[in-house]
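As structure tokens, here come the structures.
Same chain, two partners: chain A is paired with chain B first, then with chain C.
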Partner chain A sequence: MAAMPQIEPHWRDSWATARLYLAVAQGAFRRYSTYRAATFAGAFTNTVFGFILAYTFLALWQARPGLGGYDTSQAVTYIWISQSLLVTVAVWGGGFQDDVQERFRTGDIAVDLYRPVDFQGWWLATDLGRAGYHLLARGVVPTLAGVLVFHTHLPHSPYVWMAFLVSVLLAVVVSFGLRFLVSLTGFWLHDSEGIRSVMLVVAMFFSGMLLPISLFPGLLGRIAPVLPWAALIQVPTDVFLERRTGGALLTGLAFQIVWAVVLLAAGRAAQLLATRKVVVQGG
Partner chain B sequence: MAETIATQTLATQTLATETLATETLRARVRWSVRSWLLIAGMWTRAIMSYRASFVLMLIANLATTSLDFVVVVLMFQHTHQLGGWTLPELGFLYGTSAFALGMANLFVGSIDALGDRIRSGTLDTVLIRPAPALAQLCAERFSLRRLGRPVQAVAVLVWSLGAVQVHWTADRVLLVPVLLISGTVIFSAVFIGGATLQFWWGEAKELQNSFTYGGATLLHYPPTVFAKELVAGVVFGVPLAFVNWLPALHILGKPDPLGLPTAFQYASPLAAALCVLAAGYAWRAGLRAYRGTGS
Partner chain C sequence: MALIELDDVRRSFTIRTKAGRLRREKCEVRAVDGLTFEIGAGECVGYIGPNGAGKSTTIKMLTGILVPSSGRLRVAGVDPARERTRLAQRIGVVFGQRTTLWWDLPLRDSYELARRIYRIPDARYRANLARCVELLDLGALLDTPVRQLSLGQRMRGDLAAALLHDPQVLYLDEPTIGLDVVSKGRVREFLREVNTEQGTTVLLTTHDLTDIEQLCGRVMVIDHGRVVYDGGLGGLHAAGESERTLVVDLAEACPAIAVPGARVVKVEGPRQWLAFPAQDSAAPIVAAVAARYPLVDLSVREPAIEDVIARMYAEVAIG
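== the complex of A and B ==
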């Protein structure tokens, strides 16, 4: 802060912008942390599902040890990590999407468009704040439960944990990119509910949330790893399980970055088209 | 919207004339069912005015709820048994469990919005209407698109009944419809009992998902897959094992991992009756504990 006057004016602007988005993200973090009982209920539900699904994976890997390149403890850990990430990366949709949808309904979306802040950047900041809270509040309990009850695979190296956190951050950005595009269809369709429910099916399946992608047969198994949804659950979980190390880790992160950039750019283009369409009816 | 409200007022007026005749239990049940039918019918007419949207949502619901079985099928690409059970046998478990959950969700699933109504104060409106609150809340936002889950469940069940290796005796055949009805009743009771928690803990909406959706997922897989403590928990705790596990052991001729007396395999209707009693008692206690804010 004290060093600020010496910074070039151009950099001072960027600093102010960064602080603004940080404040927006912090606001979202605090907003979600208000609902403690709901958070507890959610974490409890993730844990119950974790238990049920972990046993089914145990049974499958008992019948077929080493299936898909996962050993049994990795397979069980896969379930717990994916349950911990489910809400953070919003595989089901939601987060800022609910707010935007409500604002389409009320017409407040017009206010968002003439704010002196970038529309996409604003919602991305809120979603990152939300995701930060959900990672702590809905990720830690299921993971702990899994570690205490099952024989799990935890990374020892702090670098793996750091790589995992970077991968989760990128997963949230890719997920935001997808959800932002879905939300923007509201400018044309007025209600993106139908598209959302279709996206839910696609995301649940192709993210690897239900089953690791390496278990998909034939053509499905070939296309699923290159689709953007693989960046949501499959890649960060494989980073955690140390199935992606060295070069594979870098390609995994690069895969996420490419999809993040492509989707954000597509969102930006769609936003430009959409803003030309909006007619604000005064009053 | 104005039309639906008008219909609703009309419906409650018709009901008001019948309020006097509600002294006997039988009349009370009939009155509740009639209220439910009137309100559900009203919502159906409202939703059917957007027919294309309804069809899309029904298809999306069908696809979403089918994913669970797709996963099971994909698992069986890699193995021919899971916990000693074959794919058609898992299909039987999946079909029965998803059918029971789906029908319960169709009939009473809307009750999970109770917490929102308490928070927004609209529960008071429900309570002053001359129709049973429980029937009103269960029929609220009734939508036939929820038929997606039971429809795909029936498809899987029909396939599985043709594919399982079973010597069909009279009691086995009879047990199938019995378990479908008992299962629906048990899940309905769990929905209502779970929602009752929201009288005390308004944000607990997601908690009951563990028992309803989580419970149904548990019942998709054979009991041999799970730890014995977990299986015992759904026999003697929240009695979900009576939805399909226990009767399925008899129908499919499978050994019981807990070694319970065979009477348990026929006891689903009794378990369903006990669930209804417990849920009814919880609901009354919850309603008595509720205090409106008066606003």
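== the complex of A and C ==
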């Protein structure tokens, strides 16, 4: 989409744009917070799954101590952190994706196009607002449950917590980049549901949500860490577990940044093509 | 100077249809087929036509979300498709069957967002919001989530959202669809106010001809992508070759009346219906009937605008 007209000084223009996206993100945050029952049910589900998986991991690590380089308390913590991040980084898809899919179905997508707002920027802002809400509402309860019931590994240094939050933010952006590409297929396929189901399975496996990627054998173990899905769960959780410190922390964050930039750029290119298709060919 | 100018605008779509198991045949559909018209600043124009006539395609081209296949199109001096973002600051769009409001949040939040999107200066935003709230009676609804609003309330909410940034042109696609009589009246009253007081140019598509009768000084009837009528509402009757009806009650049942200038369209016992051209006087026909038949009572019925337009659509389909 074309840039805003440069009638104002550049910094004021950027400020107005920032205020807009902030308002969009805040709106999304509040929007998700209106569904209290859904939030409660979701956090409950994450906690239940956390227990099931934590006991499974405990049994596994008792049989094979130190598996994948994780000690037992790290392995259990891995489960609780991944359960806490699951919805925030939308491993299963969703968030703005549901909205966009619905807008394709109803044709409301046309309304989005005549707004003087960048399509990708708009949906990224809503997804960041949503992720902020989900991190609090769906992350805190499972983490607390895990900490109270199990022997977990919590970072002591505030820097690690900060690095973890930065890594989660980047994970959300990478996840957005992936989901945005899936959503845009709607411009050609009218319904991105099929591709979305395939992506769900891929993301579940390669994000390290079911099993840490470092446990993958052979070729799979060499490919999985460089795919974008590793940025969703594996990297932030390893930052939390202090398996990535110093140089490894920086390369982890750099890995996330590179994928975020690549995916957002790809999304932008796809958006240009999609807009051209709609505007020129008529949808 | 004209605010909206179209010069021989055409738009066709390529549609693939199944022809046999794997073969697809391409065929071209001309949705808009040589539209030429101008709309001046401050006009309120009704844009009507049967389903599939090309109304929505026209609106899409005017808002810049669709490029014409050929022809020249200007809105406020701007080529819409080329400068869509810039144009968006100057136009407001309301689709009766879509909403721009934030579904789960209070109405107020959507307005705050519009303020950020269109970068409306604070003072102007407050003044415009206050005016819309007053005229559309939104005061009690501002803190209600949009999903809890009735269709009529939501429509009023959408109208306000489209006008907060003082657009020069307002496009309305069936703004009264699905509304009850009271809500329709309120929406029309508001639109009249916006058009006459603010001087906002309004282009309105609708299937409800009362909208047109009450709001629009000018009507454009479009069919098969072409303008088949452009002018005042009154002129539609002449253009549609409409007929008035003389209903006569006789003392007893008689065979069909035969008088010059009229023809019997229906006989029901002692009552007969005679049709005659709308522009002719009824007096000589009444005199002729009274002279030859036992006339007891009579009434003259004006043609409904719906019938006139229905006839016009039918004629285009045949011709």
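General remarks:
Operating definition for what follows: the second predicted complex is superposed on the first by the 270 of 283 C-alpha atoms of A that agree within 3 Å, B and C clash if a C-alpha of one lies under 4 Å from a C-alpha of the other, contacts with A are read in each partner's own complex, and residues count from 1 in each chain.
Convention: a contact is a pair of C-beta atoms (placed from the backbone, for glycine too) under 8 Å apart; a residue touches a chain by one contact, two chains touch by 3 or more.
Small disclaimer: the values here were computed from a predicted structure and weren't measured.
By the touch criterion stated above, A:Thr45 is placed in contact with chain B alone, chain C being left untouched. Once the two complexes are laid over each other on the shared chain, residue contacts for A:Ser197 go to chain B alone; chain C is not touched. Within the superposed three-chain model, A:Trp161 lies out of touch with both chain B and chain C [touch as defined at top]. In the superposition on chain A, A:Leu113 makes contact with chain C only, while chain B stays out of contact range. In the superposed model, A:Leu210 makes contact with chain B only, not with chain C. Of the two partner chains, chain C is the only one touched by A:Val278; chain B is not.
Annotation: chain A residues 35 touch chain B in one complex and chain C in the other. Of all the residues in chain B, the ones that touch chain A in their complex are 53, 56-57, 60-61, 63-64, 67-68, 70-71, 74-75, 77-79, 81-83, 201-207, 209-210, 214, 217-218, 221, 224-227, 230. Across the interface of their complex, chain B is touched by residues 35, 37-38, 41-42, 44-45, 48-49, 51-53, 55-56, 58-60, 63-64, 67, 193-194, 197-198, 200-201, 204-205, 210-211, 215-217 of chain A.
Those residues of chain C lying in contact with chain A across their complex are 11, 13-14, 57, 60, 63-67, 81, 83-86, 88-89, 91, 93, 95, 98-100, 102, 104-105, 109, 112-113, 116-119, 145. Per the touch definition, chain A reaches chain C in the complex via residues 1-5, 16, 19-20, 23-24, 27, 30-31, 34-35, 106-108, 110-111, 113-117, 278-282.
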